[in-house]
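Next, two complexes with subunit A in common: one pairs it with subunit B, the other with subunit C.
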Partner chain A sequence: MSIGDNGSARGSIGSGLVVENLHVAYGGVPAVRGISLEVKAGEAVGLIGPNGAGKSSTLLAIMGAIGRTGRVLVDGRDIAGLPPEKVVRTGVALVPEGRHVFAELTVADNLRLGAVGRRDRSGYAEALEQILTMFPILRDFGHRQAGLLSGGQQQQLAIGRALMSDPDILMLDEPSLGLSPTAVDTVFEALDLIRGAGKAVLVVEQRAEFTIAFCDRTFVLHDGEITLTLKPEDAEKVDVLTKAYFG
Partner chain B sequence: MMSQLIQSIVDALSAGATLGLAALAIGLVFGVIRLANFAQAEIITGSAYCLIFTWDLGWYVAIPLSILVAIAMSLLMEFAVFSRMRTANPATLLIASFGLSFLIQRVYELMFSNNVRTAPVASGLAQTVEFAGVRVQLLSIATIVIAGALLLGLQLFLTRTSQGLQLKAAAADFKTARLVGIPAGRVIGLSFALSGILSAAVAFVLTVQTGAVGPSFGVQITILALVGAVIGGIDKISGSLAGGFLVGFATSMLATWLPQEMSNFKDAFVFVLVIGVLLFRPSGLLIKGRGVART
Partner chain C sequence: MIDRTATSDEVALSAPRGLWYRLGPIWSLISLLAIVYLVTLVNSFLGDSVQVQLQYALVNLIIVVALQIFIGTSGVLSFGHVAFVAVGAWTVGLLTIEPELKRNLLPDLFPFLFDLNAPWFVAVLIGGIVGGLLALVVSPVLMRLNGLQAGIATFALLGVVNQVLTYWSSIGPRSGQSMVGIPDVLNLQTTMLFAMAAIVAAWLFQRTKPSRLLRAAREDGIAAASSGINVVSQRIIVFAVSGIVAGVAGGLFALTNRVVQSSQLNIELTFITLAMLVLGGMLSLSGAVIGTLVFSLVDVLLVRMQNGLEIGNFIVTVPQGARAIVLGLILVGMLLFRPSGITGGREFVWPFRKDRPLPGMPPTNEA
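Then we have the complex of A and B:
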């Protein structure tokens, strides 16, 4: 697969991420209550909702970073019991909230680390070149400490690092958090390319209108449950957005 | 006076290097699994016993064996105890390491008795040499060279190899490292193994210094190393190293320059320095900001 050649989807119908009846609890307090969703290859799906709705918990549970019940299928394979580092090797990558680049390491080293989870080592150089083409700033600042980059640049690095593992499914937790409007545009243009290249994209966001317009489908979460499913054309319907956030 | 000053600086550099290595051994493991391993004292002691008991076989047998013993003990502690406490908080892990430390000390007592065991380990290094009127113990120079070589090797490993880079990333942010695909078990094992190697180096220097090893041989330096790691910034590998070096350097200088009647209070002065640092830099000298929260 090539990230750069816009529109050349590689995923076949039926491949992607399937979540069935997902439950997460912290110390007995439920955070996610029976969520089911599907993200197909070449599709972007959004998760929106107020703080504490269970959006980030959903992503972390899919990654195996927190305990869960329910089924998570990646390209048809049940990934129950796998720790995060092994989930990455099934073709799932997460760009965590707050970016979490390795601040003291260089941009180049951050990208190298992203490749640790690759299933196919032989495509390393090609993948790196595609990412540097998508985010030229990472090429320019390859030897700079990641912690010295701006928020938008760090977000590009975090996405680039995740892509270095060559995931079929890319999940992003609030990629626009703390970014300028220009930086947000850059990030979502890249996500559009990634979707166009056939990857399944699952994005958690606070910017409801923006997310609904971008994603093929957007689920609204309230108290750990999906309460509404929205289409791109719902993005400008104020009553729908109000209902999404205030019930 | 000048020669005494230079001599004391060389001795202090040597003491700082030893404590820096011990603190670095603690910081490497802490960075990855949030464990301030007090039982590192027993790894130092075990490695030192090995030197004492095998020195007659030749240094080329004793030194590699002592390193292997330290690595094996370190990995065994991880496997038998700490790997079963992954979700425990740092305070619980610290208490567990205290318990493990006391347990192993009792085992040493049972195996080797309370009496110290002695051997002329690298006794040639106890000699002093004179450069331009300055008398310096060979061991001080050897310690500085050993520490420098280990630090250079570690630096090359951490920056030039994929495994080292993974360890560095895991020490900086373990949760994110796992989300990126870095295998948790491998980097944890690696951090314990490296910690074992550093502990073996500390054991060698201390054994040459004293020539005698008892069940609590490694405790004193481990306490100081923990203190050093905390004041340097245990959250950061370089912080632990710098803090350990600072405490070792200061302790040695105070031992030399404090008036005779105050020399018994040398440790009190060191801890005043520690309190002062922690009052103004509670997260450690090399950590920016006040918090050390990890998400």
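Then we have the complex of A and C:
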């Protein structure tokens, strides 16, 4: 798998995602209050926390889909004020919550649309081939309407579509939501490959234990603030943590 | 990871798609053209008054196709398209009325407009360009809006344009008066050809990149933005294209009616054309065509019945004013029981085809 050829070439100083003092508010009500985090190339970082902790808001704010203050640096470049379609072109991709595939388009068209935000048009065929190798089901169902796929297949498609924009930073909002255990395994095996290929992965999840074990670092969010940073080995102590943080 | 061998579609998925794929089954186009042709053919046996009504219906058809190009593709409501119709009608009026007549009837015109004349066909095309330009000028603001905001803002556009056309006598008649003396050049057959051309243009446009991107964004705005689609710029393109079609329709309206007054190109026409689109199904081109024809047919029948329609030995009459009530009831019933319209937002496909394309998506050659 050589998805990250570009990513690792750029994977030197300042590569990856840096968020500094991010604030988001909905109509004056704060949702994210001063989050700072860093995701390096080839690293997976998790965000966990109860509903309303500000996890999804953090991703949407980085993407530029909602208003924010604070600095967001992609490969050392401040992307403040850019709309989502421009943020994509800086090398950030978001797999939105709830498997937002274009249900009425075919799988192939979904993937083609993902390539709209590519910076490098020439790598298109290669990227498509890599994604189809990673998710063979997408090749088999290339001409099927995306809405007819199962939940796990749609999630694979959503990730595949995000990868078509050739991102250095891949963000996922609850990729395991509503999936069967096998489908979750498939998704996280793919994420492992993507990380191994030198991309920065930022994943929001509800499954605390699973996420802590998978990610290089996991931040616990509570009321819009990072209250704890966990390492993979902390996954064993997750019962205690779950009690402490989620009641 | 699941261990599977790739079995099919490998080449098709990665290969660039050919012209035939992008055009899709031509049946969805031919059926619409055939319907318009047959309706016109049947009408030519029915006497002059029906033919005149059909000509108006065909002009409305082009307006509804323009509406469908924008609303059906973007999912954003527009109450403003009649503004493009109006400037198209104004353009054709100014370019086709005899210079001598213009000097007498429209004395306040900018002097250069007196001698500005064009053959009617060219005038209609220029009317389309003016409609498209107006759409292009206002679109950077309007196309950022969604839902109710977009509805109100486009309605405001109609209001502004209508006031300007009503009161600015340098580009038209003095307030309250109408533009008369438009030549009698347009017959039913030519109007039919224009309607068919509008359908072909809309059908082809469905298959272009802006239209495809915008349909995707209509389905899911978040996913579209995350995929790098700039929704606003795609909407601007589509809005301008539909403005061109609406402008052409306006020019044809001027040539059909031969008298143009700003009050004819206002709220009532807006709602009638929107009702036609809703009736047929706003997500498909077939919906625009079917909706317009069905609505017009019912309308004509009701007007006849108000005056007493003879069927054999019976005379069917309905009270005066029943037309508006019945049309309103049909629309309410439609919205209650089949909000996606007669066509359900689907396009016509070959009747023996096994798979049915989903609503809101033009059929392709993919199985």
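Note that in this section the second predicted complex is superposed on the first by the 231 of 247 C-alpha atoms of A that agree within 3 Å, B and C clash if a C-alpha of one lies under 4 Å from a C-alpha of the other, contacts with A are read in each partner's own complex, and residues count from 1 in each chain.
Just so we're on the same page, contacts are C-beta pairs under 8 Å (C-beta built on N, C-alpha and C of every residue); 3 or more make two chains touch, one makes a residue touch a chain.
Small disclaimer: the values here were computed from a predicted structure and weren't measured.
In the model built by aligning both structures on subunit A, subunit B clashes with subunit C. In the superposed model, A:His143 makes contact with subunit C only, not with subunit B.
Of the two partner chains placed around the shared chain by superposition, subunit B and subunit C are both touched by A:Leu113. For subunit A, the partner that touches more of its residues is C, with subunit B and subunit C as the two candidates. Once the two complexes are laid over each other on the shared chain, residue contacts for A:Glu85 go to subunit B and to subunit C alike.
Judged by the touch definition given at the top, the superposed model places A:Leu132 against subunit C, while subunit B stays out of reach.
When the two structures are aligned on the shared chain, A:Phe102 is found in touch with subunit B and with subunit C. Counting contacts as defined above, subunit A residues 63, 65, 83-85, 88-89, 94, 96, 100, 102-105, 109, 113-114, 116-118, 161-162, 165 meet subunit B in one complex and subunit C in the other.
By the touch criterion stated above, subunit A contacts subunit B in their complex at residues 63, 65, 83-85, 88-89, 94, 96, 98, 100, 102-105, 109, 112-114, 116-118, 161-162, 165.
Across the complex, subunit C meets subunit A through its residues 1-2, 4-10, 12-14, 212-213, 216, 219-220, 222-231, 358-361, 366-367. Subunit B meets subunit A in the complex at residues 162, 165-166, 168-169, 172-173, 175-184, 295.
Note for the complex: subunit A touches subunit C at residues 63, 65, 83-85, 88-89, 93-96, 100-106, 108-109, 111, 113-114, 116-118, 125, 128-129, 132, 134, 136-137, 139-140, 142-143, 145, 147, 158, 161-162, 164-165, 186, 189-190, 193.
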